[in-house]
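Input: one structure, supplied below.
Chain lettering (A, B, C and D) follows the sequence in which the chains are written, and residue indices restart at 1 in each chain.
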C-alpha cells in the first residue's frame, strides 16, 4: 500500500540528524517538522529571513510581521534569529543548510529537478527553489511517484524547465525511496513502501535505476 | 541639518516620480510592504514603471493596486503566483516579466547597493535562467554571472526610524527592505514609529541613516495577512 | 542536542588544527581579536599556516605571536604596517604576503561564505592589484574580478553568545568577525559572556548560530589598545 | 606664505556641505573634523565599521572596542551606527559616501593617485584607500606640494604604484588648491595660499594645469 503524505513526511524526517539546520519547501515538506522524533535539536530556516521557526500561532495571536516562506503565520522559538533576504540566501547559497526538502514535478536519473514551471500554464516563478537546490548540502525531493495522468515523475530527462542540474541526493515518493550514489551519480532504489512491488515501481518509473534494497 | 522627515506619502514622493522609472519596493508577500507609499504612487498616477519586488501583491492590495491601475510595465520578481490580475495582464501582453531566483534577486540588489557590478552564483546554472548569461568555472563548479541592480527610487518599510534615518525592522518584515534601502538613488522609508536621534541602540541598527533620504510615519496601514495559519490552544488543566 | 560550548581554547582547537591549513582570524588592528584562540594556536605549534586577517597584530601581541613563533607561511591582509617582525621576515623571504584592498578582502570573505565564487569591483582597477585578474566593463566602467575566499578554520571574537552560537559583537570590535564566521569550514568563537538560549534579542543577532561550531568564554584577555588618543576633560564650572 | 596643516584642513573643510557623509583618511585629513564651521550636520565614517564618529574620549574613558580606522580611540555620537567591514565597504564602494579626504604621495594630471607604496621600502599595505578612491562620490587629496627632497608631488604620470586611476576631484596642498574639471579631466589651479605666487606653483608642479584663479 502506498505511503500517505504523512508517511512520506515521516520517512523524510528519518533523514534528519540531530543538530541539523533544515529548509522545508511548501506542500508535503511542511509536514516533516511534525514528524521529527522527540529529543532532537533541529532548526528550521525560512528563506524570507528567519532561522528557528516555531509552530503556527494560537488563534488570535497571528503576527503579520511573522510569516514563513509559504506566507503562513508562524511563531518564534527561543533561539530564533531574523535577517534580511540577502543574508538568508547567503546562508543557503553558501552551503550552510544541512538539508533542503522540497517537492518536485520531475526528477531525472541525473538528479536534475524540474519543479517551478509548466510551459503553457501561468508561470508563478521559482521563488527560492533554484537557490535551495544549488546551495543546500543535501537535497531531498518529496513527491508523488506519478502524475495524476499516470505519467512517471522520475524520468530519463526532465521535459519541464529545470530548477537545477545534478542536485538531488534523495527521492521519497508514495511508493519508494531512492538515493543517488553521489551528486550526478546513479539512482538506486533503497526501499519500497509496504505492499508495493519492485515490478510496480519499475512500471511507474522512467528513470534508469539500480536496485539496492535492504533485505 | 538634515531634514529627512516628511508629513505623508504624497509630500515624500513629491519631485521624485517620473514615468518610465524603476522602483524597488520592499516586502515579501504582503509582509513588510510600504503600504502608504504604494498608495501614494497610485495616487500620483505615474506610468510605465519597472518595479523590482519579490512579489506583486494580491489583486486588491500591495503592488496589486498599481497593476490594477495600469501603472506597471515590467516586473522583476521571483514569484507572482498570488495575483490573478497579474496572470491576465501578462497573458494579454500588457505586462513584461523578468523572473530572478529569489536569492539571485536579493543578491543583485545587495550588489547594486554595494558597488558590485556582477557576481557568480551556482543558482540557475543549466536552467533557462542562465540563458544568454556569461558562465565561468571555479574549482570545477559552474557558475552564472548575474549583474547588480539599482533603482531610481526605493520604497521600503521599517518598524522604527530615528530622524537621521537609522532603521530597525521587525521580525520577518525585514526581508528585502535592507538591501533595497541601499540600491535606490533615492530611498524613502515608511515606518510605524519615529523616534529621536539617540533612542535606537547603535549596535543594533539594521540600516544606517546614510541610505535614507526621506521618512514618513505610516498612517492607517492594514498589515493584511496573506495566509492565516493557527493551532488550537491546548485545554487549560 | 548541539554541544557547541568548550572549556577553553585548547579543547576547542582540539582536532581542527593541521600544518599547512588556512585560518581566518577576526579583528581590525588589535580590536576584536580572539586572544585566547590565537594563544591556543601558538601553544599547539601548528606550522606553515596561511592566515587571512586584515592586519598581523603587533610584535608581541595578536597574530604577531604566531609570526614570532614561526608558524605563519603566508598572510592575506590589507595592512601590516604596525609590525616590525613582519618586515624582517618578509624581507628575509621567510614570509609570503598577499595584499588585498580592505574592502575587497572583506567582500571576498563575505562572498566565500555566501556561495559567490567571484565578483566585480572597481577597486584596484588600473593598479598592481588588478594584474593577472580578469576585468570587465559594465555601463562604461571598468571592474576587476575578485574571487570568494574560504578557510579551513575561522577564529573570531564576539561580545556575547548564547549556547546555540547566536552572536552579538560590541561596537567596532565587530569588523571582520561576522564575515569570517560564515567563511570557515569550522568556526570557533571566543566571547566575553555566554548566555542561555533565549536571552539574546532575535531581531538583533549579528551572526546566527548556524555559522558557529564551537564556543569558548574568553579568559584573562588583555584587550590592548594600539593607539590611546584622548582629549582633556573640560573644567567643571 | 604656505598654509599650515591646520589651514590646509580648514580649506578642505570648506568643501564639505551640510548633511555630508565623509570619510577622513589618516594624517592631515583627521584635522578636517575640527575645522568644520559650527551648525553643520556632518557624519564621519570609519571604514572599520562605524558611521557617526565623536571626538577622542576623555582620559580614562578609552574603550578598546571603539576605535577608528587609524586605530585611535574615539567616541560615539547620538546617531552612531556600527556595522561589519563588508557592510562598511558596501557603503564606500556603493557610492554612498559624499566625500573621501585622504593624503597622497603623488597625484597625476589625469587624477591618478599613488599613496600606498614606495618600491624598495617596506610595504605596509593599501588598507581601505583603493576602495575609498574608487567608491566615494568626491575625492579630495590633502598633501604637501612637494616631497622633502623638493620633488613635485603633482606629476605628469605617477611613478609610484597607483591606488586608483582618474579618481581625484580636488587637490589641496600647502601652496594651492586645484580642481579637476571632471573625473579624468583637466587639472585647474583655483587658489593660491596667501603670498604664494603662480610662478612658485609652476616651478614646483610637474603636472600640466590650467590657471583658473578667481581675482
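Everything below uses one rule, namely that a contact is a pair of C-beta atoms (placed from the backbone, for glycine too) under 8 Å apart; a residue touches a chain by one contact, two chains touch by 3 or more.
What you see is a predicted model, and the numbers here were worked out from it, not measured in a lab.
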Worksheet, complete the sentence: Comparing A-C with C-D, the busier interface by C-beta pairs is C-D
Worksheet entry | Euclidean distance of C-alpha centroids - chain C vs chain D, Å | 28
Practice prompt. Could you grab the centroid distance between chain B and chain D? Build each centroid from C-alpha atoms only and quote it in angstrom.
Written response: 36
Worksheet item: Any idea how many Å lie between the Cα centroids of chain A and chain D?
Response: 54
Worksheet item: When you check chain C against every other chain, which residues touch at least two of them?
Response: 107, 110, 114-116, 121-122, 169-171, 202-203
Worksheet entry | Sequence positions of chain D contacting 2 or more other chains | 76, 82-83, 89-90, 92-93, 134-135
Item to complete: Could you classify the connectivity of these chains, where an edge means two chains touch, as line, ring, star, complete or other?
Response: other
Worksheet entry | Touching chain combinations (by label order) | A-B, A-C, B-C, B-D, C-D
Response to the item:
So, in the complex, the side of chain C touching chain D is made of residues 28-32, 54, 77-82, 87, 90-91, 97, 99, 101-107, 109-110, 121-129, 159, 169-179, 206, 223-233
Discussion item. Taking the touch rule as given, give the residues of chain D at its contact with chain C in the complex, in rising order.
Written reply: 46-50, 55-74, 76, 82-86, 88-90, 92-93, 112, 122-131, 134-135, 161-165
Worksheet item: Which residues of chain C touch chain A in the complex?
Response: 1-2, 110, 112-116, 162, 164, 166, 182, 197-198, 202-203, 205, 208-211
Worksheet item: Which residues of chain D touch chain B in their complex?
Response: 18-19, 21, 41, 43, 45, 51-52, 76, 78-83, 89-97, 134-135
Worksheet item: What does chain C use to touch chain B in their complex?
Response: 107, 111, 114-122, 136, 138-139, 141, 143, 147-148, 168-171, 201-204
